[in-house]
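Next up: the structures, one after another.
The following pair of complexes shares a single chain, chain A, combined with chain B in the former and chain C in the latter.
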Partner chain A sequence: MAGLATLLLLADGRLPSGGHAHSAGLEAQVSAGRVHDVASLGGFLQGKLATSGLVSAAFAAAACGDVTRCAALDDGLDARTPSPALRKASRAQGRALLRAGRAMWAVADLGREPHQPVALGALAAAAGLTPGQVAVAAAHGTITGPASAAVRLLGLDPYAVHALLARLAPVCDRVAATAAARSGDPVDDLPSAGAPLLDIGAEHHATWEVRLFAS
Partner chain B sequence: MHPELHEHGPDEVPHTHPEPGVDPHAPLASDGAPRALRIGIGGPVGSGKTALVAALCRALGEELELAVVTNDIYTTEDADFLLRNGVLPAERIRAVETGCCPHTAIRDDISANLDAVEDLESSLGPLDLVLVESGGDNLTATFSKGLIDQQIFVVDVSGGDKVPRKGGPGVTTADLLVINKTDLAPMVGADLSVMDRDAKARRHDLPTVFLSLAQDKAATPVAEWIRGLLAVR
Partner chain C sequence: MVAETDGIGGTRLAVLRGQSPLLLRRTGPRRPGGVTVHVVGGAAGPLRGDELRLDIEVGPGASLELLSVAAQLALPGRPAPASRLTITATVAAGGTLRWLPEPLIAASGCDHIAITRVAVEAGGSLLWRDDLVCGRHGEGSGDFVADTLISYAGKALYRHELAVGPRASGWDGPAVLGEGRATGTVVAAGTGLAAFTAAGRDLATFATTGTTGGSGSRAGSSIGARGGRVTGAHAAIMPLAGPGWLATAVGADIRTVRAALDPLCLRPAPVPV
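Our next item is the complex of A and B:
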């Protein structure tokens, strides 16, 4: 089993895995005026944890626990992602993550563009990490990505944003534990929480002429 | 791959390793052709990067299979410009978003640009040349060697003749420095001989060319430089 330093590598925002160009739906919500300060960012991140955080963590943990399930898990994520723009964004990030992962470990063959959580789980398995560990990395990634995007888009005080992330860390751990506990379930029974407003926002965002983030 | 450093413990997740010595990455060009020469074009906002890309498409488009990746915040601006000017069809242009960090996308996390280059190569077949235009940035922005083979840094005279003297990684280390808009020099009081002297001092043996893309629509000295690179590949 790999140690904590390996997990930190996988969770590091500096991992060249394409994440910096994605706002996880935040750019659309900033433009709509729904996220405009640290408090509204807090609400957004809490919502992310409860929805895509839980789903991503469960699917990453499931892929890590049994890489032979990756294809079925990939289909399961398609079914849970109604917005074509978000499916594309997830696959683009999965592809980029796979590129980084292959440079570090011997990752199972996942095809060209797996969904991001599936790629994350397979990387974790190749690195010798556990489903419980990768669930934390997945949940953590669903809030640190948009938090960093908020600092760049809104010019928020980076210390205030990190104070918010620190307050959310225990929530993140709980979501990850719940997800990991369910990771052996059949694909159809895995979490499927969604956020329709973010799906709609993503579809609008994809049509903008000027956008700073890919999603 | 370092099999000699790798131990398998009894409680380890089962996994396999690719053959040592075999590149685990999919080849870029499926038929074994050498991949395209990739040239990064960076430089401050408005210095003439897109004008240079258009000129190079005009000059080299007939003789070479070429494609362009752009990193502009206005996702269709550069593609529209190249289309409008009739220098490159839409299927040869890809746009990449950079999340407010144009330098990150060309240096620290090059994945989206690499994906765009590979997508162009797989949809168009083997290419000779791919130009990657960075979003307009500052004097410290340079491309990663993991993304491009050679880089051009474009500055213009209207920023003042101090720019080469200020240096920075772009001016100092680019494989070719282009000082553009020489037609404007008299209007902004820029002394080209000062820029030439400072560029030589900063760059030692690396080449610098002066250009007015307003007058030379084929970017002749830059196209020649690229032909020279292709000839020795």
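Our next item is the complex of A and C:
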């Protein structure tokens, strides 16, 4: 089993996987006026963790636990991602993550553009990490990405935003533990918590001519 | 409830059986090909502790439309486990099912779960509508979970869970419903949907723009609106990865959701013979 330093590498925002180009739905909600300060960012991140955070963590853990399930898990994420803009964003991030991961470890063959959580799980398996560990990395990634995007989009105080992330860290751990506990379930039974405004926002965002983030 | 073809281009109901609070009544004029059934609430609820089931089977070539006469009101009731409504439906090749009920209202204090499992065989067609209002007028939402799986040709097409109410973390935050207290979805499954709904033929346009209706839904119109009010129907219609599409709307109340979704559920104009 790999150690904590390996897990930190996988969860590091400086991993060259293109994550900085995505706001995970935040830019659309900032533009709609729903996220405008640290408190509303907190509400956004809690909703993210409970929905796409839980789903990403469960699918990453499932892929890590058994990489032969990757194709079925990829289909399962398609069925959980009704927004074509979000499917495209997830596959673009999966592809970029896979490229970085292949330089680091011997990653199983996943096809060219797997969904991001599937790619993350397969990387973790190649790195010798456990499903429980990669679930933490996945849940952590679903809030740190949009939090850093919020600092750029709204000019929020980075100290206040990191204080918010520190308060959410135990929630992140709980979501990851739930996700990992369910990761052996059949694909149809894995978490499928959705967020209507993220889907709608992503579709509207994709039509903008000028935007800072790809999604 | 079992709908099957009558062999002469129509549909007959081989089984139509229900007991309170889910009574089933065949209604409406005879249409070529299809029958309409209304679900009538025969008692209050669902209340905590209720365990309800609705099984729908649409046979090859049969066409069934299911409506309800009034909104379903999930209520607290006595201290008991969550109330649960499990709907299973199968649609055979050449069969058509349109499920267009009135909204579910999650009254403050309710604890309700709706489990939906729909299997559409290759060559079947489905239109599945679910509207939700979070709390009656002026009250907070009760706890409600919608757990939905719609499959087509044996493969999951749409798998979705929505949780609202005090136990659902972040549900009223800007990622899930924001300040919206009503939401609705329409899922269409099958090939050849252009002829299946009035809106179907416009879907190519929707697929390009990714949006529909949407007073105030255009981003930018509300930039800087501090407090993040929902000012109109925020809606999108989305081609799924498999054969079908999903329309989702979130609004301050059910009227805005209906304005966005109702046009998608109209029957297509009859083809002139």
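Just so it is clear, the second predicted complex is superposed on the first by the 215 of 215 C-alpha atoms of A that agree within 3 Å, B and C clash if a C-alpha of one lies under 4 Å from a C-alpha of the other, contacts with A are read in each partner's own complex, and residues count from 1 in each chain.
By definition in this document, a contact is a pair of C-beta atoms (placed from the backbone, for glycine too) under 8 Å apart; a residue touches a chain by one contact, two chains touch by 3 or more.
Only a predicted model underlies this, so the values are computations on that prediction, with no experimental measurement involved.
J.: Once chain A from each complex is brought into register, does chain C clash with chain B or fit beside it?
T.: Chain B and chain C fit side by side in the superposed model.
J.: Kindly classify A:25 by the partners it touches after superposition: chain B alone (first), chain C alone (second), both, or neither?
T.: After superposition on chain A, A:25 lies in contact with chain C alone.
J.: Between the C-alpha centres of chain B and chain C, what angle is found at the C-alpha centre of chain A, to the nearest 10 degrees?
T.: Here the answer is 120 degrees.
J.: When both complexes are superposed, which of chain B and chain C contacts more residues belonging to chain A?
T.: C
J.: With the two complexes superposed on chain A, say which partner A:1 touches: chain B (first), chain C (second), both, or neither.
T.: So A:1 only meets chain B here.
J.: Is A:166 contacted by the first partner chain B, the second partner chain C, both or neither?
T.: neither
J.: In the superposed arrangement, which partner chain does A:50 touch: chain B (first), chain C (second), both, or neither?
T.: Only chain C; A:50 stays clear of chain B.
J.: Should A:191 be classified as contacting the first partner (chain B), the second (chain C), both, or neither?
T.: The answer is second: A:191 touches chain C but not chain B.
J.: Report the closest approach of chain B and chain C over their C-alpha atoms in the superposed model, as a whole number of Å.
T.: When the complexes share the chain A frame, the smallest chain B-chain C C-alpha distance is 15 Å.
J.: Can you list the residues of chain A that touch chain B in one structure and chain C in the other?
T.: 208
J.: Within their complex, state which residues of chain B touch chain A.
T.: 1, 9, 11-13, 15-18, 24-26, 73-76, 96-101, 104-105, 108-112, 114-115
J.: In their shared complex, at which residues does chain A touch chain B?
T.: So the residues of chain A in touch with chain B come to 1, 14, 16-23, 64, 67, 92, 95-96, 99-100, 102, 106, 108, 112, 125-126, 128, 130, 149, 152-153, 208-214.
J.: Can you check the complex and tell me which residues of chain A touch chain C?
T.: 25, 28-29, 31-36, 40, 42-51, 75-76, 78-85, 87, 171, 187-188, 191-200, 203-208
J.: Considering only the defined contacts, which chain C positions touch chain A in the complex?
T.: Against chain A, the touching part of chain C is residues 147, 149, 155-163, 168-180, 183, 185, 209-211, 217-220, 222-229, 234-236, 238-242, 246, 248-250.
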